[in-house]
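One structure is given below, represented as structure tokens, and several questions about it will come after.
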Amino acid sequence: KATSTDRSAQLKQMLLSPKLEFIMEAHSALSAKIVEETGFKAIWASGLSMSASLGLRDSNEASWTQVLDILEFMSDATTIPILVDADTGFGNFNNARRLVRKLEQLGIAGACIEDKLFPKTNSLLDNREQPLADIDEFALKIRAMKDTQQDPNFCVIARVEAFISGWGLDEAIRRAEAYLSAGADAILMHSKQKDPKEIEQFMKAWNNQGPVVIVPTNYYQTPTDTFQKWGISTVIWANHNLRSSIKAMQATSKRIYNEQTLVNIEPNIVSVKEVFRLQNDQELVNAEKKYLPTKSKK
Amino acid sequence: KATSTDRSAQLKQMLLSPKLEFIMEAHSALSAKIVEETGFKAIWASGLSMSASLGLRDSNEASWTQVLDILEFMSDATTIPILVDADTGFGNFNNARRLVRKLEQLGIAGACIEDKLFPKTNSLLDNREQPLADIDEFALKIRAMKDTQQDPNFCVIARVEAFISGWGLDEAIRRAEAYLSAGADAILMHSKQKDPKEIEQFMKAWNNQGPVVIVPTNYYQTPTDTFQKWGISTVIWANHNLRSSIKAMQATSKRIYNEQTLVNIEPNIVSVKEVFRLQNDQELVNAEKKYLPTKSKK
Amino acid sequence: KATSTDRSAQLKQMLLSPKLEFIMEAHSALSAKIVEETGFKAIWASGLSMSASLGLRDSNEASWTQVLDILEFMSDATTIPILVDADTGFGNFNNARRLVRKLEQLGIAGACIEDKLFPKTNSLLDNREQPLADIDEFALKIRAMKDTQQDPNFCVIARVEAFISGWGLDEAIRRAEAYLSAGADAILMHSKQKDPKEIEQFMKAWNNQGPVVIVPTNYYQTPTDTFQKWGISTVIWANHNLRSSIKAMQATSKRIYNEQTLVNIEPNIVSVKEVFRLQNDQELVNAEKKYLPTKSKK
Amino acid sequence: KATSTDRSAQLKQMLLSPKLEFIMEAHSALSAKIVEETGFKAIWASGLSMSASLGLRDSNEASWTQVLDILEFMSDATTIPILVDADTGFGNFNNARRLVRKLEQLGIAGACIEDKLFPKTNSLLDNREQPLADIDEFALKIRAMKDTQQDPNFCVIARVEAFISGWGLDEAIRRAEAYLSAGADAILMHSKQKDPKEIEQFMKAWNNQGPVVIVPTNYYQTPTDTFQKWGISTVIWANHNLRSSIKAMQATSKRIYNEQTLVNIEPNIVSVKEVFRLQNDQELVNAEKKYLPTKSKK
């Protein structure tokens, strides 16, 4: 099984590689395993998706240890790197340090924190205030996290919310530079525009000072090779497994409710055997042969 | 918000009503909310589904308090009754008593326990031993649970695994009668045959001594009105939201992986706004107006 | 067993009664049970003590749900009211609202929140900054908590840190009045002076506008009837079970380490039987007679 | 900070060393830290003590993950090896395997499991049945645990309850040999007699086949050098910090309740500063200087 160090080294390599890389969202051990089985090289543990699956809002309604509980199951069920959406770090530098220690213990490869205030507000919501953190305070938080990690490859990604908060390019650049100086392994530059102009402007001004990660949830119509051309390091597909599962469950529930039979549903869902396979039941079958006494012994 | 008592009274009413009732599976707060929004009157918190979503096997790999953690979120996100798949009760009568107290605290309407040994094995697995519990021990466990509940409507359903273990009709009847005598609010008679003959035999011999619940995962082709005709009280659609979500996430992950774009995915998944709606973000918008100081005050 | 409502009504009565009342610290189910058995009418779940027992600092290093985990055991092991030291409410008004819902679910009688910033710093530490919350923001947080509670007797106590932060009497009064207006059931006025002058000044200026709670950890030499005379409602003995247990365990560990025998320790510690009694083992003995099958049946 | 591997190597060395070694009980991070500061080389995480501190019985009322929650805090607060009282392994071989993986993740050095049935009953209780596990089933459980550990030094200790259950010497030897053959790193031979005759008999018959650990809670009057002479490897002082803390808290609570003042208590308890020291507050003071922005920057 991949160790924490293996995973973090793989994530770091993805950030540094000249090739455009892709990270796919998961919000549970099961969805994380599906991401790995599909062939993706890394998993995005989305704050929006995890909170939604808990029936909560993306406003730090779940405690940071409740998030850890999900991450532990995700990590145990997979071997590829997991990058955690760690919101603002769940408090000040001291809370962020504690988070790093716990993430390393769970075999998580990296954490992304955003320069807003606790409790945070989802960046894609309309008409909500998005006050930014003090730039020095946030840079020192990054430094505290980097000083705390024991695995040299654990990745800390600094997410800049300057565009989200309406501050524009200069502030975005100023913050990205400060966070990179503080030790961030990459910058996640977020934008909620329907087109990627903010990202394009940033990439030109940034001049390749360090790896840049993007989340094209709203500007999804831009072809991927445009991002490659601009020098983006990594794209996060941030919430699509969640949104796909909601669509499916709403449709399945509705059809069973209306038809009062499974006959028309059964062909459109995976088999119970496939569930057992995803649970790796065969390993237990083998182990039972090895570790349960035969009846004659009893 | 519906209290625990409201919910359990509703579940009890479903068990006792002459009409055939339906309970739909969920494994998370989000899927539970979808079940409620669809119109179902109750939710089945499936052990198979919850364990699978945690990346674990349906063999009591999750601790009983890890199951409670999921149930708490499910209960908080919904108002209709939740019936919990409580496996064997997670130990002896004393563990089962503690479980009842905690379920009542979380607003769960009822628990179904099955007459096997801890740790249990999923009933639909092929070629696995399914040793049954001692009938007296299990009946006393039911009684302990009933004696413990403080809400008179909390439902304890006794699941009989005699057919699953290959013991046949007489044992099934003998156990169902013992558990009903011990205080069970209903009997869940399980069968993994592709046709419903075991259930049909049981219903004839049972002669309507008490409410019967079934789980037609394998004999799903039987029309629902056949169940009604036999006098079944309630049908559980036991794992179909999970299996539907797996199908969707596998397809979505694969397509995004292959196409490296969201363009063809976006029309087939719910919008981010729909996620926000399911999270009830609007309530927080209103609350922020009420409870956050206006800027001028600051 | 006392319901949540009973407990909160008792706590409210203590706050409102003309008699000086006393609340004793606990930090675990066991210490809480000892407080109850001693005869105290209520329990203070101290943030300092709970964090120290977890090996953490009193700086919100434990998540709010880790605190809830302790409170759940404390509540289950006792029947008298528990007043929780809820620090700053663990975030903004929305986090505080969620807290209230969970505390009510656990049967906790009330919460005390202090007007500082998250993450908080213990008030008795020397030379540490203790920035205060915005007064309007904090008052609205109190209001959000009061609007959220479903049990009319659940108590929200507003702790004023104006003296701790060096702001003086006027600010203390201004804040106490604002929080009382916002719905607080009582004011906890904190002081870390070795003498009770700040408290005396406050009580004179306060003029009995509402119940006042104090924590005389540092000014412990003042006789209790002085507090009664000033019109104090309730005194919290805030951390003395913890400090007493540390003294005892340090001495016991040291003596066993040095002497390599229990002979001289045994007379100075409670018996194993007393541990069993505190665990209420007898109830289980009785239940086993009732709910375990006799051997002949097996 | 000591890694898991360091700790387990130290524990293994203690088991194998010719010198009689001592392990001291703790039940919380705080008591664990006190054990370490006192000079002990290892910590016994007692099931009795941990359950009592949670207000629960030593009958697997706490879930195994609730025990892990305590162990995580204990491990984080200390650097010496922790040996966990893991009862029966919390289920079958598969549950015990999962336990090993989680204990290693938390930096726990070893686990002791006893050959009884889940849920277990405390061995020192009078007049309670103590049915033993099937010897083959238990030996295979030991083997499964040893096969699972990734750290070669992680210790699995097999506790034999043959004397506790009244089976006598032959059964004790037979079981000890079977468990050692299955891979156990040491045998814990338990006895609840007031004198150590059972232990003496066992040691003579055992003939030094492998390291033996004892728990002289009831036969505490035997001098330690007698144990050394018999060839015992390690003595566990199994519950004395708990029992000492209960005595202290009962006395402190009673005195404060009766006297309504702290004046006579204060000299007999540690200072608040000592609590801060145990919490390692100074490290946070230093970190705040490093990682909080100075005011002028703000």
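By written order: A, B, C and D. Residues from 1 in each chain.
Heads up, the rule we're going with is that a residue touches a chain if its C-beta (ideal position, glycine included) is under 8 Å from a C-beta of that chain, and two chains touch if they have at least 3 such contacts.
Note that the coordinates shown come from a computational prediction; the quantities given were computed from them, not determined experimentally.
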{"item": "Intersection of contact partners for subunit A and subunit D", "value": "B, C"}
{"item": "Numbering shared by both copies at the subunit C-subunit A contact, with half separating same from different", "value": "same"}
{"item": "Computed distance of Cα centres, subunit B from subunit A, in Å", "value": "30"}
{"item": "Distance between the centres, which are taken as Cα means, of subunit D and subunit B, whole angstrom", "value": "38"}
{"item": "Multi-partner residues of subunit B (at least 2 other chains)", "value": "59, 66, 92, 94, 284"}
{"item": "In the complex, subunit D residues that touch subunit B", "value": "59-61, 63-66, 90-92, 94-95, 98, 118-119"}
{"item": "Sites on subunit A touched by subunit B in the complex", "value": "22, 24, 28-35, 37-40, 48, 51-59, 66, 69, 73-74, 76-78, 122, 124-125, 128, 216-217, 220-221, 223-224, 237, 239-254, 256-257, 260-263, 265-266, 268-272, 274-276, 278-281, 284-285"}
{"item": "List of subunit C residues in touch with subunit B within their complex", "value": "76, 92-94, 97, 105-106, 134, 136-137, 140-141, 143-144, 284, 287-288, 290-293, 297-298"}
